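Per-chain numbering from 1; labels A, B, C and D assigned in written order.
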Amino acid sequence: MALQSLDIARRSATTTPAPGVRQTTEVAKLIDVSTCIGCKACQAACMEWNDIRDEVGINHGVYDNPIDLTAKSWTVMRFAEVEEKGKLEWLIRKDGCMHCADPGCLKACPAPGAIIQYANGIVDFHQENCIGCGYCITGCPFNIPRISQEDSKAYKCSLCSDRVAVGQAPACAKVCPTGAIQFGSKEQMKDYAAKRIVDLKSRGYDKAGLYDPAGVGGTHVMYVLHHADRPELYKGLPNDPSISPLVSLWKGFAKPLATVAMAAVALGSLFHYVMKGPNEVSKELEDELEKEDAK
Amino acid sequence: MIRNPKDLQRYTAEERANHWIVGICFILLALSGLAFFHPAFYPLTQLFGGGVWARILHPIIGWLMMIGFVVMYFRFKALNRMEPADREWLDRVGEMMDGNDHNMPEQGKYNGGQKAMFWAMSVCMLLLFVSGIILWRAYFSFPVDVVRLGAVVHAAVAAIMIAMIFVHVYAALWVRGTVRAMVYGTVTRAWAKQHHRAWYRQVTGK
Amino acid sequence: MQVSRRQFFKICGAGMSGSSIALMGFSPTSALAEVRSYKLAHATETRNMCPYCSVSCGVLIYTTGDKSKNAKADIIHIEGDPDNPVNRGTLCPKGAGLMDMVKSPNRLKFPEVREAGSNEWKRISWDDAINRIAAHVKKDRDANLIEKNADGVTVNRWNTTGFLASSAAGNEAGYLTSKILRNLGVVALDTQARI
Amino acid sequence: MTNHWVDLKNSDLVIVMGGNAAEAHPCGFKWVIEAKKDRKARLIVVDPRFTRSAAVSDFYAPIRAGSDIAFLGGVINYLLSKDKIHHEYVKNYTNAAFLIDEGFKFEDGLFSGYNAEKRSYGKDTWKYQIGKDGFAMVDPTLESPNCVFQLMKKHYSRYTPELVSKTTGTPQDAFLKICEMMAETSAPDKTMTICYALGWTEHSVGSQNIRTMALIQLLLGNMGMAGGGINALRGHANVQGITDMCLYSEVLPGYLSAPTDADVDRKTYLEKRTPKALRPNQMNFPQNFPKWFTSLQKAWYGAAATDKNDYAYDWLPKKDAAYDVLAIFERMHQGKMNGFFCQGFNPLASVANKKKVADALAKLKFLVVIDPLATDTSEFWKPHGEFNEVDPTKVATEVFRLPANLFAEETASFTSSGRVIQWHWKAADGPGESKGDIEILAALFLKLKAMYAKDGGKLPEPILNLTWPYRIPAKPSPAELLMEISGKALGDVFDPKDKTKVIVKAGEQVAGFAQLRDDGSTQCGNWIYSGCWSQAGNLTARRDNSDPSGLGQTLLWGFAWPANRRILYNRASCDVSGKPWDAKRTVIKWTGTAWGGNDVPDMRPDAAPDESVMPFIMTPEGVARLFAPAMADGPFPEHYEPFETPLDKNPFHPGNPKAISNPAARVFKGDMETFGKAKDFPYVATTYRLVEHFHYWTKHSMINAVLQPDQFVEISEQLAQEKGIATGDKVKVRSNRGFIKAVAVVTKRIKTLDVDGKKVHTVGIPIHWGFKGVTKPGFITNTLTPFVGDANCQTPEYKAFLVNIEKI
């Protein structure tokens, strides 16, 4: 019996299937950007719960701090001032792991068991198995994982898998003062989002919608956006994210193909030898040279 | 110790050492690289002390190989200039493979296949080096799209390279009497006369 | 049998990996996945309140130990109290960071004095501190307490020593502070509430 | 708050102005979001900056810092001229119908009775006309030119949209849109709430800012309603409780106004504070003042207080002058003070004009800092580079620093902004030798008591006779103290209607202030908290959060003062006949025999509607005051410019230089000279908090330091362009009192305003940095701020002053 306290759906660099008989509820975190005030309580709660403290940085001329995700900042608020047709909007988005149903990080990871996707949808990094290659970063369509300078391991949001495992909401969801972060089953979250979208449409946000990108099989962190038609307004939320075709090529069919090709060459050589025999120096030549020597 | 004083010197000690440095590096790189490439090979990391050590050592060995290869490149560059005879040889490589080398054109120190291999490896080495640097997160940080391209290039070129090295090694084994050239540095006159007649004539004056 | 492109590659992959394993005699090490263990499992929970703004959010403070004699309670985590009707478990970034306030490296640990003209702090005992302060207080009060004003009205005020009261102390401390100060005759009294 | 945090969810329209609830009170602001989500409520934000609150608002309008009365006066004018008011409410529940003295005038920016010399008003004409029956005269038709309604209409008719826009810089269409949205809530079943904070109080017209909004809420009939009210979002966790305990010179615990030199004896003192009803049948609740005061005296002096010695009235200090924090520092600066205590208070950082504060502290003989943290104040004498330039050898103040405990290390009760008193429990010991505030104060007091007992000294009686009934004298327990605050019977207390019936036995805790007596038979440390620890036990520790009404009242959670009432003036949520204005949000109603419902009625429980007992029981007239003579600077709010204004005149009174800034605000000698002029300091500055930080505390907390590490100021893109400043550049901001250096945040969220034909730029300055902390060291923002306060409560004008800015 494995030690897992959550059922495993997939694990990195493992070709055999995980135990998959038990069916657990798929969970999701919904970030309602339209009620987010950018207070960073989620950042604080994340640091506190996960026992991580980032560096005390400097002001970069913006409200964003820390300025980007790091191995010690698993979530950051991204602030965008958007002014269109004389109307100013301060769009604030909590950035962090999206917990994709089809996780690019897991696909790219070469270390068995370093990245686990639980049956409830959480994609978790297990640093003790991480070799620090950074392939997860290469694989991620959202540019989320970060390698620590201290231990060269990759870190990112775990969706507080330790809390979820005992039935609690992630620290960021629990703490969120305005309720902009909600947590529950994915189905509940979609229903909740639908209600929020109706409300937003009634306030003139005709393009309000849910961000649950199909390109990565849907995510377990979703957004309600007032401008769902233009996610890029929210400090570069990808419009239609998917695992890069390059990564799919690399960690997809290149893997078996190249292995087959290499094996084919190896086996081909073997059979060539067996069938054609060695290429030896001809006896005539040797004799000829011996004769010369004898002269 | 020279086995037979009449044997021909094909490689100097420096050349042989150079070759084997590159060769050993390559084997280590292939083993560790394959470990990251496909989960089936991941246990190969145990040869290096585990996944983390494999990840740390791979780029360092890569640097060593690259340095070794650059030296080797300049050593052998001139000898690998393609000539019309080489093209003819390459055209008729099928006969050669078939074990029938009687009608092959006369070859210098290197035959067309070897020369082609030399240039192909040089290109591959360059690609591996550049893409390897891109992937080396401990010291470099490139835009993620570049890294992704780098990863594909590194993996694809490495696979090609490994296949080529298989061919290279097999060729050496298949053509009897070749391996000793890289081990002792000498080949027999008969070997030289059969496989590299032009070179034989050049070194023996006959 | 119909095989899609994707399935084809899967089969290839599975076939290859299987064959490679067979060829090389290796099998992948089994990876054990376990979530980080829940750090509050046996911590002691105490109901308290956030000391910052006057939303007065309820918080739960988690300490190590089970209040047994030899286990020193050490605060390891603070989060919102879900029962509190106002915050319902939520906190703001200040409240969410409360633990770092409690554990701030700038917490004072013992009484100190900076002598007149000195450039440094000197650690002193509580007794020394209270004795020295009380001596100052009594000297100033005895010298400057005004018993009667110019019109002969009893006023009993002492306005040469002032006090600024905390808005973060509890009601009980606030009440006691008021009770003591008024009866020392202090009138130069104000609180953070003003500003 | 007249209402409470959760009640915000019952609102139809939320105004955030003079505050930034999302930034300073995110968890309370949640209930605004809930109102939006569940009630389809709308949120309006009016602020010089597009704030975090504005980020989730439905409508935002910019305003020049310090021009709120102009804006709100304009709203009043809109409501009155478009007749968008709640007529029944205004007529019955406010003093609209009351007739005012014929001599009352408002001319050229000044009310009648102004004394320019003293900078204050004589209030002889600011009063009701009193009839022969001794009651105030009223005109129920509201048509008399001297009734409050007509005076008010006339007063605000000057606040035209054109003049409002010209003064505030708010575009006229935005202003009118907000008027229109507010006016909709004049419907009886619609409510509007206002969330304000220090953005209104920290002005030289602070109290009047709030009053202007109160007038609007009364005109719209929103006071006393669920989802209505005037909601001050207060600062510290227990700032409400400490205010209630009255740790300031003007009042004794429970807002009992403190005796002054004029109150020569107890009788004089009580007479002045016990008003007579101004209208028939009114409750005139302050008539109970003697009961509250006597119970306090008994709590403090016990058996030593008897009717023979005026209950030791003489032992209480009599106040001769203002002793607010600005006045204290002024006295200190003049060298009139020798000793000073800072308990959990960091005045070097939080009081205006840091230089003046530091100079003042250096004149003390001794300074005692009682704090959990190493505050900036405790090291005012210590050089910290350019952040605190000082020569310690020249500072002769002896400084003591005593380590105090934090919330987690104490059992205590805190009172929230919604007046809910909640008990909390100690979780762990404090670090090192730190002690609780109670223990520290007790140690000092007991030491002094011993010294006075042994050596004698001046006026030892109050010290030696102060009640100290605590089981462990050196460690009075919070429970003992809260019981003392709540009050108990010293002798049997009888029912006033039936003198033979004992309602509280001697020694028992009283159930509430109705049981307090002025004959010495009860003691109570703070009458408004009376009943919080009754015979039923500690009600502040109750944790039943059930909410049967769905309004979020949770009457069994903790204890709200007064009398566990959650919405003040809730009688006004019903019409005159006792029927709720909005039955869907019934707070209370007349049940036929008594008042009842979802709150503790703010009314005598058996006062039948036909008795015409009006809802505002704390006024002798029983109604709310649209005209308020108690204000120092005018019975109607009037727009005055901040003391440092970018304009050379008050646009409302361009011809009167005396009426530029608040004519009744106190300015100390020498401080007028420290005010800057627009030609040298052309930009309007406003200071504020950030959500990541709490005043000067969280700069000591690592998590918060990570979230907002470094000092910055905010400017508009236009100003940045004019001054060649790029975002991220280091800038120097100067006022006439000093300078700070910070990183520039160039933002679209601050706009250049068009005010009176001038372009006015705003510089936003967050306050949280200092030279002690784990954040990057910074300058104390109050280096810049002016040393002048509100005319009524002396809160310093931190929100509107002048600066200049340059790139460095």
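By definition in this document, a residue touches a chain if its C-beta (ideal position, glycine included) is under 8 Å from a C-beta of that chain, and two chains touch if they have at least 3 such contacts.
Because the structure is a prediction, the values reported are computed rather than measured.
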{"item": "Middle chain, criterion being Cα centroid separation", "value": "C"}
{"item": "Chain separated most widely from chain B, comparing mean CA positions", "value": "D"}
{"item": "Interchain centroid distance [CA atoms averaged], chain A/chain B, Å", "value": "38"}
{"item": "Interchain centroid distance [CA atoms averaged], chain B/chain D, Å", "value": "83"}
{"item": "For chain C paired with chain D, centre-to-centre distance based on mean C-alpha positions, whole Å", "value": "26"}
{"item": "Computed distance of Cα centres, chain C from chain B, in Å", "value": "65"}
{"item": "Residue numbers of chain B (touch at least two other chains)", "value": "38-40, 42"}
{"item": "Per-residue multi-chain contacts in chain A, two or more chains", "value": "13-15, 39-41, 43-44, 47-48, 53, 112, 129, 177, 179, 255, 259"}
{"item": "Interface hub residues of chain C, defined as touching at least two other chains", "value": "16-17, 20, 28-29, 78, 87, 90-97, 99-100"}
{"item": "Chain C residues within the chain D interface of the complex", "value": "44, 46-58, 61, 63, 72-75, 78, 83-88, 90-102, 104-119, 121, 126, 129-134, 136-138, 140-142, 144-145, 147, 149, 151, 153-195"}
{"item": "Residues on chain A engaged by chain D in the complex (per definition of touch)", "value": "34-41, 43-44, 47-48, 53-63, 65-66, 73, 81, 83, 88-90, 92, 177-180, 196, 199, 202-203"}
{"item": "Contact footprint of chain A on chain D as seen in their complex", "value": "22-23, 26-27, 29-30, 33-34, 36-37, 40, 50, 52-56, 58, 60, 691-692, 702-712, 726-729, 743-749, 774-776"}
{"item": "Chain A contact footprint on chain B (complex, rising order)", "value": "6, 35-40, 42, 45, 50-52, 54-55, 97-99, 101, 135, 137-138, 144-145, 147-149, 151-152, 155-156, 159, 162-163, 166-167, 170, 173-177, 188-191, 193-195"}
{"item": "Touching residues on chain C, where the partner in the complex is chain A", "value": "9, 12-17, 19-20, 23, 28-39, 77-80, 82, 87, 89-97, 99-100"}
